[in-house]
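Shared between the two complexes below is chain A, which has chain B as its partner in the first and chain C in the second.
Moving on, here comes the complex of A and B:
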């Protein structure tokens, strides 16, 4: 061996010793199996890139095509296409929201006009918004007459037969209904407790009465005393148990009543109402009969107050000519 | 088995057949003796019994559908309509009133026959005429003027062209029809073309005193595709009130104030001019009968269709990126405003930060000085 050759081989050996063991990536098996067509077919000298066939080729996707329509950041282009227009087709009426509502309701009515209807008395009871509430909602000076025209259409829409009422009509009507409807809050119905008692409360003038009714023989106790003891007047005794008398159930129920306030007759009338309410808990079907007997309505009359310039509520001092 | 519509299916003679097939005879022995056993009574009773079984030609609904609810009856009715509704002769080419509104005619469909059928030629009594309309009148019949339909057609087509071009150029077109019954036509024309309508009384001053009357009504900013662009609410608040670029009036006699305001503000108008109306009130008169709803529906329909065509052209141009209208002045992009505001905030923050640093430095100096005084070791920092 010549010196040059030895030194070259030595250099190579020393070089490999010194180099850290580099982990070469495992070449892709496909790249090995793929024949490089350029090497097979080309007669020219191999290019340097083709020698590194076993290198990994990462997958990539090209950039998106150029959008020549929008030039980003070009303010003049965007502003050049803008114009100011009214938001509603009813802009020039000065009441756009109201007119749009009216038009949409008319269109809806035309759509459902052929559906079967019920009479207005049988249609579900609805509390529609008052004109003041509607004006507040839309912030527009809507005229009375026109609002009532719209209410007329709403009432007609409400008369569509409930079994065939479309959901879109219900959704459209909801906007014009008051927040609380008449049937929303239903008072809890009275119950007969485990001892068979039902309670009723009644008031008249400044008297209030509470009555408990149980099935019994017809005994009556008012404030611990019997009916004849408590009420000296026969009329008052009768009116206290009028609800039972009118329905011929005097001998079927016992009454235990507690009254306070006011005078004798006021207390008797208060008991009427209390006994009637308690009886309705036992037998709800008696309501029409009791109404005919006049036991259901709470008598709203009370002592009228005295006014300035009058001697009493109505009485005026003697008129003097001069 | 109960057979319904027996007579309809088998003919009225079938009824007679059943009567013969069941001769009168007694069925029960208990019927023989008793107070009601006279031959006439029995005869009547048997006739009545049979009458119940004979189906009538016009059955009452209660008898037939007693078992069905209202919804079921309705669906049954709809089914029968679908099956049997098209029976009978087919009538084509006849007047269907609703089509004037649901599918209005276009300018090309305007014929003299259509205008005649819509009573567009009917003028008012001759003493009530406005002589300025003499050029549009064809003649007199039974004491009333007859409007020349050629003039009507020509003026209507011209008005349609004007409306189409204004719409194509992004103009605001107001369709006005304040008489009873004209509201549907006017609303429909505005709907077709995405323009504006008025069917209640015009509030005087809506143009001359617009800020007071229309100042509260909402406006919006749209781009070339008619899509709303948000972010301009503050700028819209300060902008002047919008005015129509063209007003189409169906009853000019009742809308004198509106037409006067338009004339004062250089807004062109189109109007349906009857023989007693003043043609100089409007820029483009259409001599026709303003008292006939059908005529108004035809005219509003034609102009609505023309505006629809113009809108369509504008939107198609917008899709390509061409702007056919004048853009709004003095609008600034909300992003530019935002960046300006952000920059201001940043400057403010920087100033505050600088101030804080100064304060902090001053406090540190104080502390150091205190320490120095207490301990007596530290050297005072120069401020």
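Moving on, here comes the complex of A and C:
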């Protein structure tokens, strides 16, 4: 035990001297004489909730309270007679912080278990810390499975109806949330600038597109070329202006797009997203229509990487007998 | 013959057969005989059956290329005859019996063709003009004529500019008529060839002489015979068959000049009959291709006499004649296209080196899909566009490109006629025509017109046709 820890424990022990350390009823001295299974427990001040639960527990015998009046000698001798007690009952386990966290969460869940809940889909979206982040925070080798058990409790706590959510649950959950939560970073809302332009950015595969939209009569320029010059396929032309076509706005706006990277199809579909986002700046009410047209969600698919031992991403070499 | 003597005779015969070399030497003649033996073929190594390697192992899949099947069964279909496929490819179909007759379609004619009120509407081509245009190969096989009951054109803004030019030429006073030179530029499928056709049509309806070189590539790709022109310095080359064909096309398309008399003396290989007409002059060139170039030159001289009609001289695919041709000279050097007599004739007028005394239009169209890259032409066109529209932004010559100075000189001050997309009104007129022909089954309203106009790259007429008529879903 390092010197600093010893002194801290001592201070804590002294601090507990003045108040009742344990609310558990101390068994009657008469019963002490009974030959019964007993266990020793080091008592501490912490975990009042845990100890309140009326469970049938093994009987144990607490150490007799220290009567300082009887101890002879001066102050130094008093300290010599004190027992140093760790703050946490999990102190001698391998992962004391984790165990404490887990036990306290269990206790909290028992406490709020009767509150009405919402379905997990309706519960507020929370990004919990990853196990790596938790390990770094606690500096303990927490196992994956254990951590997932704890996350399970946390998710259950998160499902408590938001209008009835107790503050202590919120405070307790805060410890396990990531620094930034989904929805924390909100992009600045797009604006139509003084020349009537709205900008949108879209991506697909390895292409990225920027589109500026002004009110007009359906003129489209992509990288300075007309739509027909830039996209040879009729399908690609329709994809590029699909956001406008699906909302019957093709003859009401002029589009000026810049595309780079990727192939022709990727560029066309990157433009779809860019045009849709720029259109939403002009007419935010079109968002549901655009979502139905499939112009809101970015398609996250990309080329799968090649793996070692494979011919391509998944293809295995031909089987050869010898 | 007794048996012994016959046997002896056989032995003798055999001995002679066995020792052919002696017999040959003795007789002094070559005797081609062979042993009576079957051992050689029997002991010869058996040739392996072709393509038969070790049988595939049991359970392995082999590639079935169906080679044997094809050989055994064979193709039972009838093979197309020689030239049939090319004829199919080059066929120009101008009508579609399944398309509806458009009752409201009016024809262009001599009077209304230059009117301002035909702008932005669809007009039909009269039958005699169709014959004339077909004679000069103005209709191209890939254009959409075969989709409709009869040929019709939309009179777009650029066509009205052309009509204005025709008016200018016609209004010139006698002896000071204008020669207008224009190069049509524009993106792919924007209607350049069709505008050439409209120009020829307008000129024909105004009783001009129309001369058309339908495909410049045919002049320079060495598919037609050529011969040096005697007495030319530097050497020029005539293309006799092509010229004879061109003369016959001119005669078919321009009936009004056939009966004009020949007014001047021409030095022709064959004498002209007395009181000759231009028809008899042209007939000489058609009948004897060797003399076709001198006939063409004589015809041109006749056409430029005072009182004769103006000339519309057009070419499509200009870039091909702005570089070396595929022909080789006697010392195996490539011949520049300008050294071919027909091309020279055209370029002289296009460059403004010569002018037409009776006025006329020299009309050249670039091609979007079949054109070689000619830096000199591209640069000249950029300069011409800048001269017309943005004189402060003249392009600079890139010293790292190889510019053909003959081309630069020829295109020094020629103007361009840039072809943009249709306006929405023109597109609407065209789509209504499509709908009335039964080829577009939709209600033509502002929404549809605007949408198709935008999808066609701001009214590119070819793309508009492609997305509304050809690609019906």
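In the analysis below, the second predicted complex is superposed on the first by the 164 of 322 C-alpha atoms of A that agree within 3 Å, B and C clash if a C-alpha of one lies under 4 Å from a C-alpha of the other, contacts with A are read in each partner's own complex, and residues count from 1 in each chain.
Keep this in mind: a residue touches a chain if its C-beta (ideal position, glycine included) is under 8 Å from a C-beta of that chain, and two chains touch if they have at least 3 such contacts.
Just so you know, these numbers come straight off a predicted model, no measurement behind them.
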First (chain B), second (chain C), both or neither touched by A:88: first
Chain B or chain C, by number of chain A residues touched: B
Touching partner for A:218 - first (chain B), second (chain C), both, neither: second
Partner chain in contact with A:320 - chain B first, chain C second, else both or neither: neither
Partner chain(s) touched by A:308 [first = chain B, second = chain C, both, neither]: neither
Touching partner for A:139 - first (chain B), second (chain C), both, neither: first
Chain B versus chain C as contact partner of A:163, first or second or both or neither: first
Touched partner set for A:241, first chain B, second chain C, both or neither: second
On chain A, the residue positions that both chain B and chain C contact, one per complex: none
List of chain C residues in touch with chain A within their complex: 187-189, 421, 424, 446-447, 449-451, 453-458, 460, 463, 466-467, 471
Chain A - residues contacting chain C, complex: 217-220, 226-229, 234, 237-238, 241, 244-245, 248, 250-251
Complex contact set, residues of chain A against chain B: 69, 75, 78-96, 99, 103, 106, 115-116, 139-140, 146, 161, 163-164
Chain A contact footprint on chain B (complex, rising order): 69-71, 73-74, 170, 172, 174, 184, 187, 190-191, 194-200, 202-203, 206, 213-214, 216-224, 229, 236, 239, 242, 244, 318, 321, 323, 325-328, 331-333, 336
